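These notes open a run of structures that come right after.
Paired with chain B in one complex and with chain C in the other, chain A is shared by the two complexes that follow.
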Partner chain A sequence: MFRAFSDFLSARFPVEKMNFNAMVAKKEVPVHKMSWAYYLGGLSLFFLIVQVVTGLMLLFYYEPTVSDAHASVEFITKHVSGGALIRNMHSWSASAMIFCVMAHMLTAFAMKAFERPRELIWVTGVIMLLLTFTFGFTGYLLPWNQIAVNATKVGLQSIEEIGTFLPQSLSTLPRLIRETIQGEASVGQATLSRFYALHVVVLPLLMFAVLALHLFSIQLHGMSKGVDSEVRKTEKFFPDFMIKDLTLWGVVFLVLFIVALCLPFESFFSYPLSEPYNPLGSTPEGIKPEWYFYFLYYPLEMLPFWVVFLVTNAAVLVLLLAPWIFRGTSRRTLRVLAVVITAYLVLMTVFGEQIYYIVKGGQ
Partner chain B sequence: MESFLFIGLPYISIGLFLFGTIARFRSSLYSISSQSSQFLEHRALRWGSTAWHIGIILILLAHIAVVLAPGLWTGLMSNKTILLVTESTGIALSLLCLIGILVLAVRRLVFSKVQAVTTNMDLVVLGLLFVQVGLGLAVALKHKWGAAWATGTVVPYLWSILTLKPRAELVTEMPLLVKAHVVGGFAFIALIPFSRLIHMLTAPVHYLLREPQLVVWSNLSRTREAVIAQAYDSRRFFLRGFVATGAGATMLAVGVMDKLVRFFQGPKLSKEQEAALMEEKLIRIKSTVEQRELEYERLKNDYIYVCRVSDLDARVGRYFTDFEMRPALAFRDEDGLPLLISAKCTHLGCTIANELSADGKILCPCHISYFDIKTGQPNEGSPAKSPLPHLDWVIFDSQGNLLAQRNSSGVTIETKDLALLLQQGSLYIVKNLDKRV
Partner chain C sequence: MKLVGYLIFAFWLSISVYAYPEFQKFSQMNSGRTVNCAMCHTHPDGPNGAAFGQIGSLNAEQIERLNQARAAFDPGRDVNSPILNAFGNHIIKTLGKTKFLEYRSRPKELATALGTSSDLDEDGVPDAREYLEGTHPLNKANGNPWLLFVHNFKRNKVHVVLIFLATVVTIYGLVNLLRGAHAAHELSQLKK
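The block that comes next holds the complex of A and B.
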């Protein structure tokens, strides 16, 4: 038992490869028609760096209390020089990061990059995907505006829905979980404090730890070949691939900068949604989560809760165990699967609302 | 003397420049260049020349920009960060020039091969360039913020010369260093056609755009030089890239520094802005205080006042907060008595809107659930499945006598005077009715 475990570890962390020469100087990146996918991980990293830098800058002014949060965010956008730019960059880059991480995962899946001995790279990747979503969810609440608080309420309430499908003795458990997350009976100061702590301290620390493992293992094992056929051509990771990677970062930064300069993220919210949260008024119309939760949100609207709940959990499980489940699957098949999943994600994200109206239209 | 230096000399220089240039272009098309001496000595040339050219080209471009677009320039320089960055870049560049020119001068004086092809004019030009750049640097150091004040003094003077209405008085009062720099500048203009400086005019066109060209002895066995010349050529491409990248990077640095520094400085607000902000803050703090007071009230009291019975409306519900701090709505029922119903949607907890539809329903806007306020039941097929609960209430008169109540066993009316109840009764919600009454 112990032997098996230590064998597993030593195959994943080969000590003889832990030196600069093997990890950087000798690393080669395959060149083939899926090579573009090798840039997605780096791009995710780039956006993470942007998030960290702009996030720290926002921290200089943000105040995490129910009475001041919205005012302090407004102060940043209206009065602090460059404040609107920094805030827009943080919002845009958050979306871009989630997009990149999802695309990165889909391509890694299609390229069977989780093949032995890269299982841990994959698992840490899935964990980071979940962390990234949690980043999005907790960050969304911080400006304390109408859409944020109400959408968060709705999101958290769905935990409680699970209660109706549990046996009587357990049926209060989900409520307990929700109130533990919220810190009180309804979304309020305690919730804000907790989300704030998660968003700016806990999640980053977790992310850095997991990312370190992810990147370290990647350098150890090198790039997976990515295609079924023989890889004929490769290029050096350092400096050839790295320079291209950095060039891409430069271009992406420029685009991000210009978009953030010209387009406030909030311009997509209709009127009362970006107003400060009003605990006594009614909930305004148009409460929706961010676009990256649509693939979960619209099914929740249309299907019985337990279906969505079970499918989601099964999906996360399958993702975590993919290296073992798809051990013998060919890259061709994996590619088809990835395309199907992508099609679903795109469909629900872009046309979710229309589909919702078609399905619900009859009533 | 002054009028000669600042009116005569400029026109003489410009005249010499124009005629000299034309004459030189006509007479000897092939000598219009800096005669390359790279094959005689290349190392010092590489370093000296690179440093000199990067520095002087950027500095000259900046000078030209000031003269051509003083308005734009002043606008830019009124930003303190840009001014600061421009000045320090200028100083750094002129230092670079000086170092470069020293290397070039030493090269001409020390290497015998190069010495042989060095004319007196070359040395004069080098010496003058050194003095002129040195003067510029001295001006920058001694009379700070030249980038800003030049537009009000030297630039109008230059324009007065160019538009043939010379106004020497614009510069005669300037400090000596500045005047010397101006005179030196005109001396140069005069020298351009008669020295290797002529390549200023031709180089930008030919030098950068021509096909790669090797400068080798006609003796082809000298391949070493050929290789070096090749390297020199690729260096020119590098230079081009370097200048472009450098310019881009400088602009980016200015922008980023400007924003960054001020981001951390915090905004400088006027008194009015500050007052408006404070007012806004106070409003929000007050509403938080109200919210906290509601909570406190509910923890401490067994009855919570909602409103007077006569204030109730049948169509538009009144929001209030129940003992669990959830929203609820108060309507007037058909019999005139209160009807209190939770306003927290049983689907996902949105707050329900307070307007009653014609068929007696209230709407949750989040995912469209209609609830019948009589029964609390959601309509068929709505996302909400369970009914909204009704809330218990009591009505007291002004002396605190119980007039009516609703509890688990239904509504009981304790008074005979129903009209009085409806007019003067006050509506309360109750923490736990069974225990109290």
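The block that comes next holds the complex of A and C.
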């Protein structure tokens, strides 16, 4: 048992490869029709760096209290020099990061990048995808406006609903979990404090730890082959691939800067949703989670909760165990699966609302 | 004491509120966006109540301003009603109370009557269009996304050029730094 574990680790962390030459100088990147997908991981990292830098800047002014959170965000946007730009960059890059992480995961799946000995790269990638979603969920509450608080309430409420599908002895457990996350009977100061701590301390620490392992493993094993056919052409990781990666980062930074400067993220929301949360007022119409949760949100609105709950958990489990479940599957089959998953995600994200109205009979 | 209470109540009734939800309903239906009273009123729930910007919270000076606004039947009179925001006051000043009330049955025509010259938040989207599209005429971060982008891009042309140059120079420098580091590494390998 110990021997098997030791062999597993030595195959995943080969000591003889742990040097600059093997990990950087002599590293080769395959060149083929799917080569563009090798840049998605770097782009995700770029957006994470933007998140960290802009997040740290916002920290100087943001007040994590229910009385001042919204006012501090307004102050950042209206009175701090460059505040609106930094806030917009944080919002836009959060969405861009989630998009890139999802695209990275799908292409890595289609290219069978989890093949032995790259299982840990895949598993850490899945963990980072889940961490990224949690970043999105916790960050959404911080502006303490109508959509933030009401959408968080809906999200946390769905945890409690799991209780109705559990045996009697366990039925109160989800409620306890919800109250633990929430910190009090309803979404309030305790919830904001917890989400703030998670968003700015706990999750970044976890992310950096997992990211370090992910990047270290990639440098150790190199980029996966990616295609079934033999790779005839390669390029040097250092400096050729790095130069291309860096140039792409520059272009993307420019686009992000212009978009953040010229297009307020909030312009896509109805203005009543951006007003400060009023616990005594009525809930405005149009409360929805961020676009990257639509693939989960609309099925929850249309199907029984237990169906969505079971499918979601099964999907996470399959994702985590993909290197072992799809060990013998060809890249062609994986590509078809990836296309089907992508089609579902695009359909629910872009047309989810229309599908909802069709299913519910135009209500 | 009771008499004072009755008097206050009677006074409160005398300044009872008139809200005009026809315009809010039209804006919401026309745009598909959620719209509330904050488009024209100080308080998002409208003028009824005792919170800030609502009838019940007004002092004597504010009530006087309210009455002046209510008496502004003709266009062109400066009004500063405490229950209305700048857009609400702008509507009354531009149209006058009489004309404004006429549009209750034809809320779409309010946009035409307001014209396209006024843009109170200076976001590049005229107030009348914001009314039609259900966005806030006093919030420069809220408006038609494409129009906001075009307006802000024109306004920030210099910044865009500067950031373009800064990015190109930075990338050029970093690329050459990488090439230099690679050459130095190759050289050290050769020496070995």
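In this section, the second predicted complex is superposed on the first by the 361 of 363 C-alpha atoms of A that agree within 3 Å, B and C clash if a C-alpha of one lies under 4 Å from a C-alpha of the other, contacts with A are read in each partner's own complex, and residues count from 1 in each chain.
Here is the rule we go by: contacts are C-beta pairs under 8 Å (C-beta built on N, C-alpha and C of every residue); 3 or more make two chains touch, one makes a residue touch a chain.
All figures in this text were calculated on a predicted structure; none of them were measured in a lab.
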item: Touched partner set for A:301, first chain B, second chain C, both or neither; value: first
item: Partner chain in contact with A:283 - chain B first, chain C second, else both or neither; value: first
item: Chain B versus chain C as contact partner of A:291, first or second or both or neither; value: neither
item: Which of chain B and chain C A:79 touches, first, second, both or neither; value: first
item: Partner chain in contact with A:154 - chain B first, chain C second, else both or neither; value: first
item: Which superposed partner A:60 touches (first chain B, second chain C, both, neither); value: first
item: Contacts of A:68 with chain B and chain C, given as first, second, both or neither; value: first
item: First, second, both or neither for A:13, with chain B first and chain C second; value: neither
item: Shared contact residues on chain A - chain B and chain C; value: 281-282, 284-285
item: Interfacial residue positions of chain C with respect to chain A in the complex; value: 33-36, 38-39, 44-45, 134-136, 139-145, 148-149, 152-153, 156, 159-160, 163-164, 167-168, 170-171, 174-175, 178-179, 181-182, 185, 189
item: Interfacial residue positions of chain A with respect to chain C in the complex; value: 25, 77, 84, 238-239, 242-243, 246-247, 249-250, 253-254, 257-259, 261-264, 266-275, 278, 281-282, 284-286
item: Residue ranges of chain A touching chain B (in the complex, touch as defined); value: 57, 60, 65-68, 70-71, 74-75, 79-83, 85-86, 150, 153-154, 157-158, 161, 185-186, 276, 279-285, 287, 301, 363
item: Chain A partner contacts - residues on chain B that touch it in the complex; value: 259-260, 262-267, 269, 273, 277, 280-281, 284-285, 287-288, 291, 319, 321, 324-327, 343, 348-354, 364-367, 381, 383
